[in-house]
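Okay, here's the structure, questions in a sec.
Chain IDs A, B and C follow the sequence of writing; residue 1 opens each chain.
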Amino acid sequence: MDELLVSAFVQVLNGFQLGFLYFMFAIGLSLILGVMGVVNLAHGSFYMLGAYLFYAGLQAGIPPILAVLAALASIVALSAGLEKTIFRSLRNRSHLDQVLLTYGLILIANELITMIWGPTIRSVDVPEVLSGSISIGFGREYPLYRVLVSVIGLTVGVGVWLLLQFTRIGIQVRAGVFDREMTSALGVDVNRVSLLVFGFGIALAAFAGIVAAPILSLYPGMGETILIPAIMVVILGGLGSLKGAFVAGIVVGMVETLGRVTIPELSNVTIYLVVAAILYLRPEGLFGARISK
Amino acid sequence: MKFQKIIPAGVFAALVLLPFLASPFHMDMAIRILILAMLALSLDLLVGHAKMISLGHAAFFGIGAYTVALLADKAGVPPLLALPLSVLTAMTAAFLVGILAVRTRGIYFVLITLAFSQVFYYLIHDSAFTGGSDGIVLMERGSFDLLGLLVVNLDEERDLYFFVLVLTAIVTTLLYLLIHSPFGQIVKGIGLNASRLESVGFDTRRYALVTFVIAGGGAGLAGYLFALHQIFADPTLLSWHMSGQILIMLVLGGSGTLVGPILGALLITLLEEYLGAYTSNWKLILGIVLVLFVLRVRGGVWPWIVRTATARGRRDGKVQP
Amino acid sequence: MSAILTADKLTRRFGGLTAINSVTWSLKKGEIHAVIGPNGAGKTTFLNLLSGVARPNGGTIEINGTRLDGQSAHVFARHGVGRSFQRTNIFDGMTVAENVKTAALVHLGHAFRFVRPFAGYKSLEEEAERALSLVGLLDRRHRLAHTLSYGEQRMLEIAMVLATRPSIVLLDEPMAGIGYDETRHVTQLIAGLKHDHSVVLIEHDLSAVFSLADRLTVLVNGAVAACGSVEEVRADTAVQKAYLGE
């Protein structure tokens, strides 16, 4: 009985860890999707890029912290360039155009990764200093790094909340700066806000990829594997809602993890059915939606 | 524009003659293109006319394919009998998804169609009953008696070709009638200004649902033919990458027209076939083309052809058929 | 004249803002009833409520004795409400004639007709011609809607509304942004509606309002500040101060 309890506890911890990972990834998606109104299917590609750049840095012998910073910096620079050239105009285009263009980006990203690192699965080791484990009772050990993922996720969440509450950009974003009617008013430099929000959202995706790298494996197309559940998180939590992304992220992570051990054949389907059920009752998601378009 | 009637008629004539003029390889490719054309046409009703961007259309394609494969494999149902059943299951699935999806707008609709196609994908991929990730193989296609005049043996490539050609022609004609009917007018109205339609007295949700189901049925038929042709069905048919491919075909060829999706299916197949032989990274090129296309080009290849060809004789404010 | 539409304690909130505050109001059959008020008074919201485009948070709406509050816009339309919008709301990609014919489709009951060509319906053609002649766009009927001038598009919108043969016509600033000649034309058009329709008119052009309206309602901050004949309202000193005397 105790064995069962501890095993269950371990799965719950895993659920939280996955949930926090989804949360980190989904915040950016929720911002870009919900606040900017841009369908960015390539969000997962930046997650993938972050993981691979981190991997490349480690392979080159760079110390982990620097590898993280280098990967993030490169991706932020890339996203700034992309925002100015592609995504800025995408804001005013139809959803079809957005879907197609970002789908094209997925194809490009996956092929580039395959061309540079090949199609085989890569893995990243947990950095030495974080590779310990903590005891959770009954003689069981739980990897320290996995706990760290949850802690990081929580920290990121708090950080984003602070940014949204107290910075000028954050207040503008919450006030609906991207809503069509408001754009003309108040002299806000929408393009600058767009650049910052987009860059920030992408950086979060890449960061999620870096954090996930030691736990999940790296392969071309890994971005899409997380993108679909993340879209569920965003729908469930309501577009543009930080609180929603948090709650929904944990829910999705938990359902997926616990489902995998209890009903493996239905585990993948379960979350989509849960989403369907909730959306049938509340078409705007758990925490209501701010639909810009 | 007269030439817009002549070219499709000419193309159809060429297609009828194709088996007698081209190699078996090309005929096989033509079958594939026709099936994809039917699939693209079915999606165009949603995307091109109703402006409902579905990212989950492949699910109904795959369901059509799996229906005929499963019925043959598990219940020994001859593939021909399974045709109406394939279409019916696809339409039922579309109904189930549609009921929820039409309650949503804009971005939500895109995402929800994606989500539900994933349900079907995983149901099929994770289940042993449907052959898991390997899929199901079709043993034989079967043959039938055409009005006592001749026997059509679908295991013969040429007979299969004409079977597919006739069905594609029928679907195209039905779509043409549909678009020009009052129902089609409502569909176009939904795409142009759904709120206006509501204010005039139409329950747009109901019409959107019917459109969604019809489109799903078309995809199911295409899936049926695909399984028949390839003699297998596997989960990749339901993947969202497949949904993406259909959208690409649509947009490249020109959505909102009848010729566009057909042309798009042709272009993508040719691209995959010939570019793919040249480099295994052809998807990189496709991605770049896609990005540039969306950024620079308005419409698709067929509208561009029409524009260029009628540049001289264009009169202001006149509608094109 | 009896009331064809009544609203009782109608309320509409947006978050913390109360846009329409417990409004009790009625529209008499065959009258032209103008609704005026300063910007932000809630006039468009009021029209949205009366046409089902917005759902009330409180209160009821009755049309010909049938409760309709909480229903969608298409239900209101089927009960005889026709609505023109402040921002021109037409089918850009269709021709002028197609725009009106599409609206006229409601007369067929339902549009689940898949085979017979839309272009072949004579009744729709006739209905469209009738509506287009009323607004003076008959000679433009083959043009694509988006090639029309702003004023012509406003007229097209009214034609679409009239093609559905509504018993209640809601007009949201039909004269906004159009020239002098067209204003006279629209004024005559609205005056001519009295025979077969009951009209609710939101307008800023007060001279047109005073010449057209049988009754006048002044809406301020989501509440009725005054309601009565044109003379009564014009004489109301409180209203004069709040709105008319600007």
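We take it that a contact is a pair of C-beta atoms (placed from the backbone, for glycine too) under 8 Å apart; a residue touches a chain by one contact, two chains touch by 3 or more.
Computed from a prediction, not measured in an experiment: that's the story for all the values here.
Colleague: Report the chain ID whose CA centroid sits closest to the centroid of the full protein CA set.
Modeller: It is chain B that sits nearest the middle.
Colleague: Among the chains, which one keeps its Cα centre farthest from the Cα centre of subunit A?
Modeller: Computed centres place C farthest from subunit A.
Colleague: What's the distance between the Cα centroids of subunit A and subunit C, rounded to whole Å?
Modeller: Going by mean C-alpha positions, subunit A sits 47 Å from subunit C.
Colleague: Roughly how far is subunit B from subunit C, going centre to centre by Cα mean, in whole Å?
Modeller: Between these chains, centre-to-centre, one finds 42 Å.
Colleague: Distance from the CA centroid of subunit A to that of subunit B, rounded to the nearest Å?
Modeller: 33
Colleague: For subunit B, which residues are in contact with subunit A within the complex?
Modeller: Within the complex, subunit B contacts subunit A at residues 47, 51, 53, 55, 100, 103-108, 110-112, 114-116, 118-119, 122-123, 125-127, 240, 244, 247-248, 251, 255, 281, 283-284, 286-291, 293-295.
Colleague: So in the complex, which bits of subunit B are touching subunit C?
Modeller: Interface residues on the subunit B side: 177-178, 180-186, 188-189, 192-193, 195-204, 207, 210, 316-319.
Colleague: Spell out the residues on subunit C that touch subunit B in their complex, using ranges where they run on.
Modeller: Touch residues, subunit C against subunit B: 51, 53, 72-74, 77-78, 82-83, 85, 89-95, 98, 101-103, 105-106, 108, 111-119, 121, 142-144, 147, 160, 164.
Colleague: Hey, which residues of subunit A end up touching subunit B in the complex?
Modeller: Going by the criterion above, the answer is residues 33, 37, 39, 86, 89, 93-97, 99-101, 103-108, 110-112, 114-115, 224, 228, 231-232, 234-235, 239, 264-269, 272-273, 275-276, 279-280, 283, 289, 291, 293.
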